[in-house]
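The chains carry the letters A, B and C, assigned in the order they are written, with residues numbered from 1 in each.
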Amino acid sequence: MSEKSQPRMDIVLGLILFVGMPVALYMALIGAPTEKTMGDLQRIFYFHVPAAITGLTAFALNFVASLMYLLRKNRWWDSLALGSAELGILFFGMVLITGPIWAKPVWLVWWTWSPRLTASFILCLLYAAYLLIRKSFEDPDRKAVIAAVFGVIAFIDAPLVWFSIRWWRDIHPSPMLETGGLAPSMRPALGICVAAFLILFLYLLRRRFYLETMRNKVEWMMRRIDEV
Amino acid sequence: MYKIWAIFRKDLIIEFRTKDSLTSMLFFGIVVLVIFNFALGSLHETIRSAVPGVLWVAFTFSGTLGLNRLFAAEKENGCLQGLLMIPADRGAIYLGKMLASFIFMLIAEAVIFIIGLVLFNLTVWAEIPYLLLVFVIGTLGFSAVGTLLSAIAVNTRLREVLLPLMLFPVILPILISAVEATDIILNAADYRALKLPLTIMTAFTILFGTISCLLFERVLEE
Amino acid sequence: MIEVRNLAKHFGRFSALRNLNLTVSDGDFISLFGKNGAGKTTLLRILAGLSRPSSGELYIKPSRQAPSRFIRGRIGYLSHDTSLYMDLTALENLRFYARLMDVPANAPALSERMKQVGLSGRERDPVRSFSRGMQQRLAIARAFLHDPDILLLDEPFTGLDSSGGDFFKDYLASARAGGKTCIMAIHDFRLGYEIADRLVVINGGTIALDIPKSSLNYEQFHEKLKHLLA
């Protein structure tokens, strides 16, 4: 992401979102057919699933960026890791909010300790800890190293969390993308929503990354001022 | 190899001289048991199924206390600096410290376990070898991650607060598996079900032991 | 030989070292002068391999890169901290470090070390009972247990009384005769001038002056130093 192309690319992404988000909303709320048993309630699914996919993508990106930072020691990767961790929590926060809203009328409870729910919750805790670590180091280089170490640990921990609770009885609907249980008429809406969320993620990530780059630049300039 | 041993021995000598960590670990673990005893007082018939969870909560809390102290002596006079200057792979420092935290925790666990048996009126002679296996693997995994995170936490402002925040979510897989394994041993007839939790615990320990050993150096360099 | 090129170390907005170049030949005895916070300790820590430079290159020959485990065995670093365990006895401290440094750890050899630093008879006392000066003596014995070729010293005279100071001056003189290399951060101008054969001044994280002792007498050097650090 070079600095000159930054604003132009962001304008393009912003425009796509400006058009894409209403389309996604229309498809989710009006365009897609109403589900047989759950009725309109099922429409929350078009936000829940894309948010989960985007959140997982963000955490995976954090892992790659953390690993690259440990290997290359370039701030570029650290800024990327930070941005993706924050956005991962944001999108997983959406998952954890939309989930109970749907669950209350369907399961009659807000929350249950099923594997999928538990794992999502732990994932959020792990990355919240990641952000807390970043807050407790003053020196940016130290902070970046420690955060990268924890980023690697957190991502490797995630599948272990999943396997360790797998034997719990799961009442969460199995992912319809895997089982192919989603009616073909619902697929376009889901596809558009996933695309819209991913573009939103990309846009926000770029903005966050840009801010972090500015911060690094300010830091560098302050050093230069001191030296002169 | 003998350097790992030397670091471990040094920690052992200091601990038996000061008894700083072990006393607080034991005290805290026992307090947790007593609190649970009150909280679960009305459930006399089903107490056996609550014991695994209670035990591991006590182990985890007392272990966290131990980890908080693990690098305290190294920080006091900049001893860590002296260790970092030795002509050896810095992974040896990690392994020595990990061994120390592992043994301290195991000692604390043994005492907490025996007191737990008395408090909860359990008889478990036949199950002890299996329980020992679960305790050893579980504790090994706990200290594998814990030692690395403790080395991170000791250099921060928040220190004692930061450690549990990092540690608890990370150790969750091994904790859940350990509780499950303990539960199978105490409450189920069929020990074949032990295979899954034990596999996860072993995988966790090996995976995080290796990663921590490799990353330890990066965590300590400024 | 140590070679440092364009070394910089930043802590966020603060730069402790910048654009620092220094070449140290075998057998150089360098006194490092500078105000508090000038970067002396940071430089020593980087040379010791305890801290990573933000940029720049560092060679400690024959190694081509930053201090590795093999180089570490040739460096003796004496810092502000004594690196001693308060709850172990003096002898236990030495024995522990001797094992880690691959040095004979038997009691007679270590007692000999204790004698060298003037602490014989105190082997079995815990370090906690030692005065600051005695701790510093023991720290000296500890840091140089493995007879390193390169001595990195950070204010080594801190806490030493006059007899301890004399002892350490003798120690450095014999190290110098033995062809060791030494870089010493020191705030006492006269003492630093007396011991070294090369005088280096760090100011604002970079080398402000680097001259052989023979080029200036003490009064001239003192004037220059005061001027530089003003």
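One rule holds for everything that comes next: contacts are C-beta pairs under 8 Å (C-beta built on N, C-alpha and C of every residue); 3 or more make two chains touch, one makes a residue touch a chain.
Predicted model only: the values in this text are computed from it and were never measured.
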Contact tally winner between A-C and B-C is B-C
Centroid check, CA-based, most central chain -> B
So the chain most remote from chain C by C-alpha centre is A
Whole-angstrom distance, CA centroid of chain A to CA centroid of chain B, is 32
Averaging C-alpha coordinates per chain, one finds the centres of chain A and chain C separated by a number of Å equal to 50
Whole-angstrom distance, CA centroid of chain B to CA centroid of chain C, is 39
Listed in rising order, chain A residues that touch 2 or more other chains are 139
Going by residue number, chain C touches two or more other chains at 52
In chain B, the residues touching two or more other chains are 221-222
Per the touch rule, the chain C residues reaching chain A in their complex are 10-15, 18, 52, 54, 204
Within their complex, chain B touches chain C through residues 2-3, 6-7, 10, 13-14, 17-18, 73, 76-79, 81-90, 221-222
As the complex stands, chain C meets chain B at residues 45, 48-52, 69-70, 72-73, 75, 77, 79-88, 92, 96-97, 99-102, 142-143, 146
So, in the complex, the side of chain A touching chain B is made of residues 70, 122, 125-126, 129, 132-133, 136-137, 139, 142, 145-146, 149-150, 152-154, 156-157, 160-161, 163-165, 167
Note: in the complex, chain B contacts chain A through residues 145, 148, 152, 155-158, 162, 165-166, 168-170, 172-174, 176-177, 180, 196-197, 200, 203-204, 207-208, 211, 215, 218-219, 221-222
